[in-house]
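Every chain is named by a letter (A, B and C) in the order it is written, and numbering of its residues begins at 1.
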Amino acid sequence: MTVRNLIGLVAVALAITAATPAAGAADRYITLASTTSTDNSGLFDAILPRFEAATGIAVRVVAVGTGQALRLAERGDADVLFVHHRPSEEAFVAAGYGVERFDIMYNDFVIVGPTADPAGIVGLGDAAAALRRIAAAGALFASRGDDSGTHKKERSLWQAAGIDPAAHSGAWYRETGSGMGATLNTAAALDAYALTDRGTWISFNNKAGLALQVEGDPRLFNQYGVILVNPARHPHVKAADGQALIDWLRSAAGQAAIGEFRIAGERLFTPNAAD
Amino acid sequence: MHDLSEALGTAAWLILSLDRDLIEIVSLSLRVSLTAVAVAALIGLPIAGALALSRFFGRTVVLSGLNALMGLPPVVVGLFLYLMFSRSGPLGALGLLFTPTAMIAAQVLLIVPIIAALGRQVIEDLWADLGEQLRSFGARRRQAIGTLLWEGRLALLTVVLAGFGRASAEVGAVMIVGGNIDHVTRVMTTAIALETSKGNLSLAMGLGLVLMTLSLIVNGGAFVLQNAARRRSGG
Amino acid sequence: MTAPPSILPLVLDGLVFAVAGRPLIKSITCRLERGPRTVILGPNGAGKSLLLRLCHGLLTPTAGTVSWAGAAAGGRDAISRAQAMVFQRPVMLRRSVAANIAYPLALRGLGRRDRRHRIAEALEVSGLKRFSDSWARVLSVGEQQKLALARAWALAPQILFLDEPTASLDPAATAKVEEIILAIDARGTKIVMTTHDLHQARRLGDEVVFLHRGRLVERAPADQFFASPQTEEAAAFLAGRLSTKRLKRGSP
């Protein structure tokens, strides 16, 4: 391979790229750190184009676990943070990394599991009781194990159930250390129980032998919050445009967009900024 | 079997319908990986030449180190560059995080060792053949390296393709430094990871087949070119 | 006729070359003047090729010196540019015949017009004109060796080393190579070559340097060497008794 050939190759590649529409080439954009569960649900694809149309600001979504999203934002690598673990969010603001936290919407967590239901939890209204039965049966449980919002919620539920699942890690308690979708894939393959947010569950396309089994426990409530990364700490943060997104999400238009987002007729998120 | 045939169908449909998103993702993948390969070749080949022609104390250690770096885990490279490019990192002011440039940098880091290590072997073998004659001509080391790189162009093309293969197939590094942002930094591999996580297994596999087809085309093209050149020039 | 300044004569003084402590060239002292074509003879393993490489600077002596005593001997570059070497196995670059000739000329900084002129001349002399645009590596070994000679011709060196240049060639190619060697000689280039072929040595040699087991055993004008060798080893070699025998290590 010679320099000349290489330059030729690169030129061809650039020409191909230049010939394709570059939707992301907008000059005005903000970076939104959010969670895989939110992104995988398709919510952003549904509502963000409306925001862009209204304001001309493109939003680049970096979807990672809540824990990683918080750390990205702490380091100043995002302008706005949109996650779902209130205690962490409040700590984030208290530490001066964020300006202020606002409620935007909620959905809920559900426990899914194999249709055979070896632990007998179908229809239980008490999530902690369901977990106790799973543990007692020694039925397989697939955990995110990645310090995400969902994982944090799951640990709080185990605590409420009075069980330390970490002691059984590797036995019936399986920590995947990966995202919501990957964990559901694992659960489907293992016939394991798992805790998931409803949005990801509804939009997940590889349910295999899994079914929704426990819902409705107030402890399964899943509140989403949005925070502007503090420009006082990270001067490059696009505060005005980031605030515009937050304002829009809290506005009637944004709230309506969230409320209208449906998959297979089901509403995934309930807007509650005004509460 | 059903999943695989569905994946094949999805792949065929994606390609035949010239899916807009697919074209965008494929062209970004090509742009990132080809640029990375070009940059890595410009860095790695001279290193290969210099290592092939020089004898110094600790050379074996350097060569072993280089060979080890060929197996550099992409995630580690991604993490390293994330820490460099992060706003709080030493290069944060450049604002390169979550851009194709950062992804190119990650792939360059991944494949420079491959090109340097494999290229070194090619050039060393050539030097065994041509060295005396080149020295007889009075070629200086730098001139000799340039000549050997040109003389070994066909074998080195294979080396560069090995680099391209690794660059276009890796996901760990570009996921971290690119962020898999739709329309901005989403490439074939991160799209596959994303669709897998959404449970769209046949779509993910379909994308995988497209990626393999692409890599087949690039490699096949290079192979044909190489063979034609070899026949013409007598190896 | 006054010859232009040259780097010659070449002076070898106590030249020793050893590999892993084992001496292969043992204290050779001699002086090669401009003019006569020098043929280096000796049985296998006598050190002929090593001696050429030491003279040409491809190998570094373990002890002793290789020096150039002529008026034109300046720095390393000047000395290097005044020499050329043709190897037993022709070394071809992966490019056209003409480009193979052009390559060392370009290394020496010759301008494009000079290069074109010299390439045309060299192709003419070597009879390779019709192959000018062919790829060098698809030529037969014979043609390749002619090209190696053409390349040397184009360089117009003051001294040309040839290491068994016809060892793997057929008679026709050998004749052509010898013809080119004589043409190069006729332009005033000092020829120093090794050969296994005694007939070739008689045809081309003005003087003979005879090596045996790494030592310079005898040096004489060619006629005299072939007619009446002065040493037992040379006589045995010419009679065919030394030629291919594996020499025992450590013998005196």
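Quick notes
The rule is simple: a contact is a pair of C-beta atoms (placed from the backbone, for glycine too) under 8 Å apart; a residue touches a chain by one contact, two chains touch by 3 or more.
In this text, all values refer to a predicted model and were calculated from it rather than measured experimentally.
When every chain is represented by the mean of its C-alpha atoms, the one lying closest to the mean of all protein C-alpha atoms is B. Placing every chain at the mean of its C-alpha atoms, the farthest one from chain C is found to be A.
Chain geometry summary: the mean Cα position of chain B and that of chain C are 46 Å apart. Computed centre separation for the pair chain A/chain B is 32 angstrom, with centres defined by C-alpha atoms. Computed centre separation for the pair chain A/chain C is 77 angstrom, with centres defined by C-alpha atoms. Among the residues of chain A, none is in touch with two or more other chains.
Across the assembly, chain B contributes 150, 153 as residues in contact with two or more other chains.
Here chain A touches chain B in the complex through residues 1-3, 6-7, 9-10, 12-14, 16-17, 19-24, 31, 36, 40, 45, 60-63, 75-77, 178-182, 184-185, 188, 203-207, 234, 236, going by the rule given at the top. Chain B makes touch with chain C in their complex at residues 129-130, 132-133, 135-139, 143, 147, 150-151, 153-154, 232-235. Looking at the complex, you find that chain C touches chain B at residues 53, 56-58, 77, 80-81, 83-85, 87, 91, 93-95, 103-104, 107-108, 135-139.
Interface of chain B with chain A (complex): residues 20, 23-24, 27-28, 30-31, 34-35, 37-38, 41-42, 45, 86-89, 92-93, 95, 97-98, 149-150, 153, 156-157, 159-160, 179-184, 194, 196-201.
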